[in-house]
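Across the two complexes that follow, chain A remains constant while its partner is chain B and subsequently chain C.
So, the complex of A and B:
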């Protein structure tokens, strides 16, 4: 696939991006900056340590664990064990929407809980205060579950959050208490926290309730966090198609749903990076296959619904899915036809997440726009190159520190939903069963793929490519806009959305049209600053 | 209800903080460092700290907030972060070329005992700091104090590490800005200029966090106190510290190091605190108060008198930071309003003492600061004694909506409105703006809820 637009010579650009770096840094960064070839898929260095001082987009393990994966479940009391900051910064900032059924149902999303560790707790240990905090949370709210998140000092001073949680769980009797060792220094990015969160949710929640789930086509939605209401749109489509959503990991979810999730017959994965561990573990223990889908983009949503119907192999479901698509698509098409003439031929860059930088390219394609450069903030090689590279990924010291759960088939509950032969047959039909082909196969040849892009590289890229839109996060938003280029936040959606499904696609088209064609970008220069200003001439009204 | 689980009954808590009215030290240090011209703040800890602080400051200002991190991994946490900081210093000077790197610590680097003074000295000894460039530092452990403490520590660091005394006194007054907005710092400079007072204001985030759209990103915007100015603070004839918690420590440091005498003032928010500031500045700089300042004061008092009926007896709940709350509460009392509930997560006996002095005029008011003085408690107090007005940062909107209380955004962070970085709260003009805001929300409420026959045209 060649890009429709003319791209500058990427090898020269790569040179430009690294030539200011000290030699060692340049050498390291050059392995993470790759000129794409969708046919051969070159290797991308990813999930390695960020160069100290380089100004990275990345956050920490705590952010990945508490902020991303556990944050969206509304009825867990999430207590951050540490000094006050970490809990404060992750308080409501990820826009995880949730919709309790009744006004009295538990919803702690608007609350922020912390042990607010003080110096004496650092010196003499904080476990006592933690247990006190758990007791107080229980006395106040009587929640179904309390989760404890370790911040940096906790691991260093040797507080055992797991022992404290076990003790309190036993003491309280009717409250599931469990801890996460997600100290910020673990791993090299948020990614470590995702893995730690997956392990904890799998160990402490999944499988706690064996009541068979009702419904004919039962699935779990993995790696969808209901930012801006994304999960609501997908829920709407499932309901329309007659697909039962048992649990979501974890947008708009509840403890009860997650505890019962092993009763589903399929796991569909949206954000591969943050939740693939859960898919693998549930497959091994319960025999539930997982399938990569994508609900970002109208065409992609249609394709994903068809894949789900194909998996269940039911003629009625297939027909219903076609009806739903036929009902939804014309509205989308009408909008895209109206907007596309204004977006056609424009260029985009996406540096965000571990999945979004891939899937949002679908929406830009639907608008006739080309992604000239993209990369993830915290992904691994498999997210770029596809899961077939997994056996070749070298496990370094930072990854080794993250626990790999030893999962085996459950003696009672293991029940392969499909036979090996059936799975092979589905794969042959193009379903990404237990697989993910990654970002690069979809990107144009000679486009740039850059992992963990630095501030310096982003500015250079904008200078060299002058993209029509740049997608990243809040830290980059106003930097890029100061350069006169609109930035679409793909973590918070600039407080808009949803962007999934058919309605989401329409929202996105409209937002991008508004942004790239906004008159404000032409107002930056004052009239007297513009070149070729004509000499002031007197003019008189007629 | 957004905060549906908050019960009316208040129970003492010791372990659990819920909905904090503070955050941690390093973000304050980062904010302060942005008020030095040509400075790149650096967070010595895990990446998450830097990312969280930059994100929060960015959401508050809608401006670029540049800062770097030592990117600790597990290895650095076990063996110490020296190598990470040295590598950071090298990378930053090579790639981003700041004049100054201002390093602050985090709970992680403090817990493992990294010594910033020793590491920055090593960087100098190893020639990692180019000629004419600087690395300054502040110890900002997150498990002590609050974001205000971190701000104070970095401001103290810049005073201590840059100031020199040449032996020759300069005809200038240091003004140490407590944690205030760029708009407030600009207003302090404007007031001083109007008075003809020669000042060095530090830190100074104006023209940094309110930078214009020019089509170009300036990593080091025009504003910020310069190194030369900071150096000269040791020669100033005196210092005025605007805030006993966030500004005074830097003034003390200058007094200790260079015998620069100081006076600590409340931050000039509201009428009385601004009066004291103007008097002190006039005395310190040896200048007369010009007629235009007196006129600005007169306009404020005029509005206060004309609209007094709308303020009288109105109950107010507030949460936020010490140096802003103290004069704000005093101003509410000057307006004849009734501050009834006040919380701040920032600890400190100075704060308690000063607030209690101000609250002598508000018998029965609830005030708590430090541990477990959080917004959960404030909300419970409000449930027990309802108020007419809530003043605090954006997180207050959840209480305001549940309890249906008129709400003014004030303090840090303000994530959902603009204006705080452009229009001041300090000085007489700032006070006039506050009066306008208070009146607007109270009158909007009256307009919305008045019976039809009681709906007023003129107010």
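So, the complex of A and C:
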């Protein structure tokens, strides 16, 4: 790909980013700031602890566990065990949508339960209050499941949320109660919480209901949290193609569906970072292969549907998928043709998530825009470099503290959906079966890849690159816009969306057009408009 | 004055849909109102991230909060090393004049002695040139609410910086947790009276500023440390906050330590409470109320007269911080609205007593006052009380939707409407704005419910 635009020399930029840091910090940060080469894929230091005082955009283990993975399931009552803040801050803040089948069906997503620990609970222990809270939630709703989430002080004062959960589960009889040790100080980011959540959901929910699922092409959708209605668009496409969605982990999901999910024949993974553990564990225990897909971007959606059809290997399904794509694409193309002349040649930066910084590049490509720098907030090396690096990832103290479940094949339910030979054949056709190539392979040579970008670094990057759009979250939004650059929130979508599938792609194109071509930016003089940064210019391309 | 038993609290053990936020959030907000200050949370990074994202959703401005990023080891062995390293890194990158340090439930649970760690840090860094001023507030999230953290940070700023000196023509003003627009209005009033003042904390610019023509590590604005130093020699402090006790307040400290009289007032919301505030300024400066505010007051009285027919007899549920709810209830009585329930997640034990001072016939009117409530409790009350209006922050939206009641958004957090940081609540101007919004909400309801498309309502 030949970049048509002049971009700064990445090595000078890297230098510029780290020269303000104390020597030790600079050395550490320089390993996380990498100049990409899609051919050789350099190593990126990722999933290492943020240095104290370097303001990070990362969250905590509790946020990953309760907020991300468990939050979107509508009929679990989630109780936060701790002081009030954590539950308040995770109360509907992720914009997960859900659609109960009937208006009277359980939906606790708008509720925020907390044990609201007080000083006496810290001193004398909070288990009694926790059990009362479980009882109160049960009396109020009679839910199918109650999940307990530990916040920082819980582990330290020695409250055993697991024992309390077991006791209450037994006492209540018809309610599945289980706990998560997701104290905020565990692990280096929300990523630890994802892993803890995967373990808990796998142990306490998956496999509880062995009723065979109906349908010919049955799959689970993993790592899709229905922010802004993303899952609804994917569900629409599955339905149109005749693909049965058994369970979603966990956008628009229910306890019942997750308990029955091991009856599906394929797991498709969107956000590899947050849910790959589940894919692996279900593969080992039940013989269900997983496959990486991406429903962000119209082309990517079409490709993903084709991959699913290829996996099931059914001529009828393949034909139907082609029909659906042929039906959906013209609407998308009409909009792209209209918008692209206004977005072509513009540049974007994406610093977000554990998969979004990768997936959203496809949408920008469809608009003719170049991603000049990207990075994740809480991903691991495999999300950057591909899963081939997994054996080489150094296990540090932080990762060791997160339990690795020992999973074995289920003596009764293990049933390999595809033989080894069939899987090899599918891989040869380009399907990412039990694998993920990572983000860097797709990115241009000499683009910058930065893990856990700090507040300071992102400001510097904007100054040096002058991108047309910056994608991140609410914490970055207003500082970036102060500098005259629009920021697209890719966690909350600026309260828009959906952005998946074909309809989502159209929404995104329109939103980006509105943002990068908005007259309001002409009123804001960007800092560089009075500076001369010619010295950093260099020719660029691969 | 009748003495009252404390307000009834919740019957539940747990909290469902809280009507309060946590202690360190308030401290971070207050620290944002000190010039060239970086707030710093001693605990897990998640606290800083959550609080940043939450504050930003209301103010729509960048808010950096540093953290000592506890890990499992730190949680077991103490956070001294992380805190020192964090302070060093913040100093190097942001070049702050002040670092505002607040604790979290984690560092409080393990019992980190932050003042001692700060002394060690100062000794360690002694030879490396001037250090930022460290202002420390203890804010364990397992006690109190965000308001306690806010006041703890303000008190700590004054305790750290205020100096003794010959009394001067200066008034301190501690407004509490009000909007940036309210702060700007207070400053305008003080300027109009022509009296030098120190307003703390002043986040009117840091949390509601313009685009940046140049890069700022720390957004411009805030109360300068040099100004905070002079609070010890002021002629008087005016401090808002009905339930704020002297022992926990900056003005209380200055009175005890430097003999600066503390003039303690409810937030000036409504005509009577605003009159008290303006009277205090008149007394202090020996000047009459500036004509512009006389005008505002006249217009407000005129508006009350013109709009009373819409709002009189309306029943409202009022919720939020105790210090906001109390003067709001008094204002609602002025305009004939009955606050059938005054609810707060806070639990000072003083709410009923303070409200009685402003609304002496409160009990005859059947006004319920309840502390330590959550939204599930409030909704239960709403089932019985059958209100016409809800008045409070965005968190009442689910209740408003379920009960099909209009919600008039005030205070914090407001993240489902645009411009929460620019809402006025205080003085004649703020009261005017509140009054107009309440009247218009009632008119809109009637208009929408009318079978005929009346444009005169």
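The definition used in the following text is that the second predicted complex is superposed on the first by the 520 of 542 C-alpha atoms of A that agree within 3 Å, B and C clash if a C-alpha of one lies under 4 Å from a C-alpha of the other, contacts with A are read in each partner's own complex, and residues count from 1 in each chain.
Just so it is clear, a residue touches a chain if its C-beta (ideal position, glycine included) is under 8 Å from a C-beta of that chain, and two chains touch if they have at least 3 such contacts.
If you're wondering where the values come from, they're calculated on a predicted model, not measured in any experiment.
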Aligned on chain A, chain B and chain C: do they clash or fit? clash
Report for A:103: first if it touches chain B alone, second if chain C alone, otherwise both or neither. first
By the touch definition at the top of the document, which applies to A:56: first (chain B), second (chain C), both, or neither? both
Does chain B (first) or chain C (second) touch A:527, or do both, or does neither? second
Which partner does A:329 contact after superposing on A: first (chain B), second (chain C), both, neither? neither
Touching A:141 in the superposition: chain B (first), chain C (second), both, neither? first
For A:463, decide between first (touching chain B), second (touching chain C), both and neither. second
Examine A:88 and indicate which partner it touches, taking first as chain B and second as chain C; both and neither are also allowed. both
Going through chain A, the residues touched by chain B and also by chain C turn out to be 20-22, 25, 49-63, 79, 82-91, 93, 110-119, 121-122, 129, 132-133, 136-137, 140, 151-153, 155-157, 183-186, 188-189, 397-398, 401, 455-456, 459, 473-475, 477-479, 481-484, 524-525
Parts of chain A lying in touch with chain C, wherever the complex brings them together: 20-22, 25, 49-63, 79, 82-91, 93, 110-119, 121-122, 129, 132-133, 136-137, 140, 151-153, 155-157, 183-186, 188-190, 397-398, 401, 455-456, 459, 463, 473-479, 481-484, 524-525, 527, 530
Which bits of chain C are touching chain A when the two form their complex? 12-18, 20-25, 40, 43-54, 56-57, 60-75, 82-83, 85-90, 92-93, 104-106, 108-110, 140-143, 145, 211-215, 217, 395, 398
Touching chain B in the complex, chain A uses residues 20-22, 25, 49-63, 79, 82-93, 103-104, 106-108, 110-119, 121-122, 129-137, 139-141, 151-153, 155-157, 183-189, 397-398, 401, 454-456, 459, 473-475, 477-484, 524-525
Listed in rising order, chain B residues that touch chain A in their complex are 1-5, 7, 11, 13-20, 22-27, 42, 45-49, 51-56, 58-59, 62-77, 84-85, 87-92, 94-96, 106-108, 111-112, 141-144, 146, 211, 213-218, 345, 371-372, 376, 395, 398
